[in-house]
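Each chain gets a letter, A, B, C and D, in the order it is written, and its residues are counted from 1.
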């Protein structure tokens, strides 16, 4: 995301080849570390989408807008209540969690009560409309102008030979923490087990006493809260504006296409692969096409390996 | 030259599971071959492999001189092997008539004749979703016949039918065999129907062919009784008379 | 304890059950027999709340449960055991069993129930850590029965536990069911295609044909009934 | 009875041909011209989604491909727009054909993702290769008719295209092909097992829909005089989907009515509200999906049933 600064020459000139080789190696390491760092943040987005798709089998096209709203909410909590980021972040996540639950109850509920003929089609179109709705609402409420959350950690953090912007470093740590927390929750708790059960056999979970509609609302709420966290964490970089969510939505889907739909480790590995591919691609190939590399990967994976790296064969 | 459908040493694996293990069989026109066996014996898998819906792991399927093993389902259908599905798969948002037209290759008269044969002509303009289970079953058979097949693969056409409907279906099958000269490979659980109607029976068990023979032989075969029938099947004359 | 009156259910736009009326008494072993597609699974799925009836009532201990969701019905101790399917393939055997104890009321005795299931099915204990998708058909059948037991049922609804099992395994499964019935005093409603076995281990039976109840009686009587013999025991 | 749809279409054509004689305002002619553009897109997208069940997000991007192909041929090769427009359609058809071939195995959500990626890549290339395409600002292309001719000649070209696609759709939906496509939508495996070459028909559908989208895009370009990457944006795609949903998916008239309705309504939302028209449309789209699945056409047929009493046998309960 912030790599345009490292658009170093990719040529190894004919003269000082040895020096160039050394700097090329350093450049490569730096690019790699940045790629991994950004990838972890992407993975947070992918994780949210994976949760919704894995458990509820529905597609959320409005996930990017929850990301955007999350950033705005955290921004406003920080500015109006003048609380620090670390307080505003969980508060903002809570707000979006509630919003997510409300949206699920109002619009996606018919899917569980089997009143919808084609659930996939329904969820695709309705969340698509929802994303337009939220974008326009944001313009109405907040205006089209940029808002900025101050840098969380000014200056650089030195990681061995590589200097990483402090904010990116912190964003990576926060994302990794959230991913770990959610993964543990899903793996270790009773509710997490119930979610996995729904994902693996909906009727099986039903007759085991899991309340599908309740859990769906919870899952949707959590996944939108994760998106909101992503939005807030990256806000110092990307600024905040009504359409800021479309890029991360795209990244999220690219990640789950690479990692495999519905696979949690897949979304982590997919995030890192995407981050690295983008940074490497923009440094070594053409930075103008940076956003397209992920799409290319998405197409290649879906066409040649639709279940991604970690997905189960259908 | 007589038509012939031949399955040669068919093997089908799903992951580590061998669903069909080395099955060979032959089917001629004007012949009904019953395929019976316990659930999970590989009957439906075999039908799926012959019709091209699944690909065999090894072995071959021959239609006359053509090796159709790797053909896609629609080519196999056009070459002369039509099928039905265990759970009828009619196109719900198409009318009954349109359902028939999907497979029809030989003009509307022939298609209409098939609809009349199964007794659905009056419902031609209704959506398939408004048919009863029994009617969907009949629609499936009409649809398969509209493709003018040489061979017909039936997957449990009797399941869920009441006794009257069962008799109706048995008569229909016999009619298809003799008047249309079509060979039928027929997976079935309703033993009464198979025993009465089939010319030959093949018993599958755990993916392999346990025995093959005339219905009377199968009914008395100790092995078949052991793994499948549970006890001797008795042919009941008075029941046939009633039917 | 369970009363079904005038139950009609449509499935996939088709009427699958029509006017079904019967009763399961406390501590009874009732067999539900009928051919493939007669509506046995539809009936069990409706009793457990997966399908909603068009008409008719279902009452459990005097309380109407036909409008309840599956989870509420599970809470009342009415547990469905599907035919070897609906397991959680990517979970270990133990996790699958623990899912059976998901309702809050089961938490306290979760460990105890697990031990009990393992004594009934030592095979499951051996495979405790294996993923469910690696199990064989017979083991899957044990797993779903075990999962049902974990919910501390009062009435078990069994959907064709013999389906796809080798004859020897069928006998074993039925033996376990009989033990459960006797030792735990469980009420059981067993849907079966294997009519002769089902009639031998049950005390009473009802016969479903084409979505309607056509016969009711003592299992021993039905076993010798000429009509039953012709229709179902010939198979 | 059998000729009824064709007669209806002919009548519609005659009426629409007379419209410019009545409506003199250049602005309203422009609105109608734009409506024609959207009818071409909605009708062809409906063929993909409503008939064959292929959910594609690439449709407006294909229109952009058509527009740019024709525009570039005019700008760089000096080809007259009248020749360029069919070639633009052809270019989009080829692109769509390739897209169809690579995404054959995919359906539902997966197909949706791949077509979306295709759209983003296509639009991305148009943006980045600004030396050729003019980048984000767009490419100025020659108009089909000189400015002095006004907007009415464009109206007749648009009308001709719309009548052509409706004729095509009527023919298609009455032919065996239409049945094959709908059988694929309902049950692809059963369709294949009954002898329908599902692969070929799906590719056919992609190609034909690409052709219509390309023609629409080329018409648009040589009418407006500019093609820009925004033509292929997801927002435009949303507009097309909205029109089809409101009108009624899978019907012949639905996409047409939906396009007309949305275009006229957005005219009344002009002024300070213009920017927010999508806000209202999004709400409408959500409400329609949630409470009136089937859109306007389903609503109309329900209304007609009420008036005629129960002449039709009730659906299975």
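Quick note on the criterion: a residue touches a chain if its C-beta (ideal position, glycine included) is under 8 Å from a C-beta of that chain, and two chains touch if they have at least 3 such contacts.
Computed from a predicted model, the values in this text were never measured in an experiment.
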{"item": "Common touching chains of subunit B and subunit A", "value": "C, D"}
{"item": "Most widely separated chain from subunit C, with each centre as the mean of CA atoms", "value": "D"}
{"item": "Centroid spacing, where centroids are CA-atom means, of subunit A and subunit D in whole angstrom", "value": "32"}
{"item": "Distance between the centres, which are taken as Cα means, of subunit D and subunit C, whole angstrom", "value": "53"}
{"item": "Chain centre separation in whole Å, for subunit C relative to subunit A (CA means)", "value": "44"}
{"item": "Touching two or more other chains - residues of subunit C", "value": "13-14"}
{"item": "For subunit A, residues contacting two or more additional chains", "value": "none"}
{"item": "Contacts with 2+ other chains: residues of subunit B", "value": "129-130, 132"}
{"item": "Complex interface listing, subunit C residues touching subunit B", "value": "13-14, 35-38, 137, 163-164, 166-167, 194, 196-197, 209-210, 230-231, 233-235"}
{"item": "Footprint of subunit D on subunit B - complex, ascending", "value": "51-53, 72-75, 77-78, 82-83, 85, 89-94, 98-99, 101-103, 105, 126-127, 129-132, 143-144, 147"}
{"item": "Residues of subunit A touching subunit D in the complex", "value": "59, 107, 110, 116-117, 120-122, 124-126, 128-130, 132-133, 136-137, 139-140, 246, 250, 253, 257, 286, 288-289, 291-292, 295-296, 298-299, 302-303, 306"}
{"item": "Subunit B-facing residues of subunit D, complex", "value": "176, 179-180, 182-183, 185-187, 189-199, 250, 313, 315-316"}
{"item": "Residues of subunit D touching subunit A in the complex", "value": "55, 102-103, 105-106, 108-110, 112-114, 116-118, 120-121, 124-125, 128, 234-235, 238, 241-242, 245, 275-276, 278-279, 281-283, 285-286, 289-290, 293"}
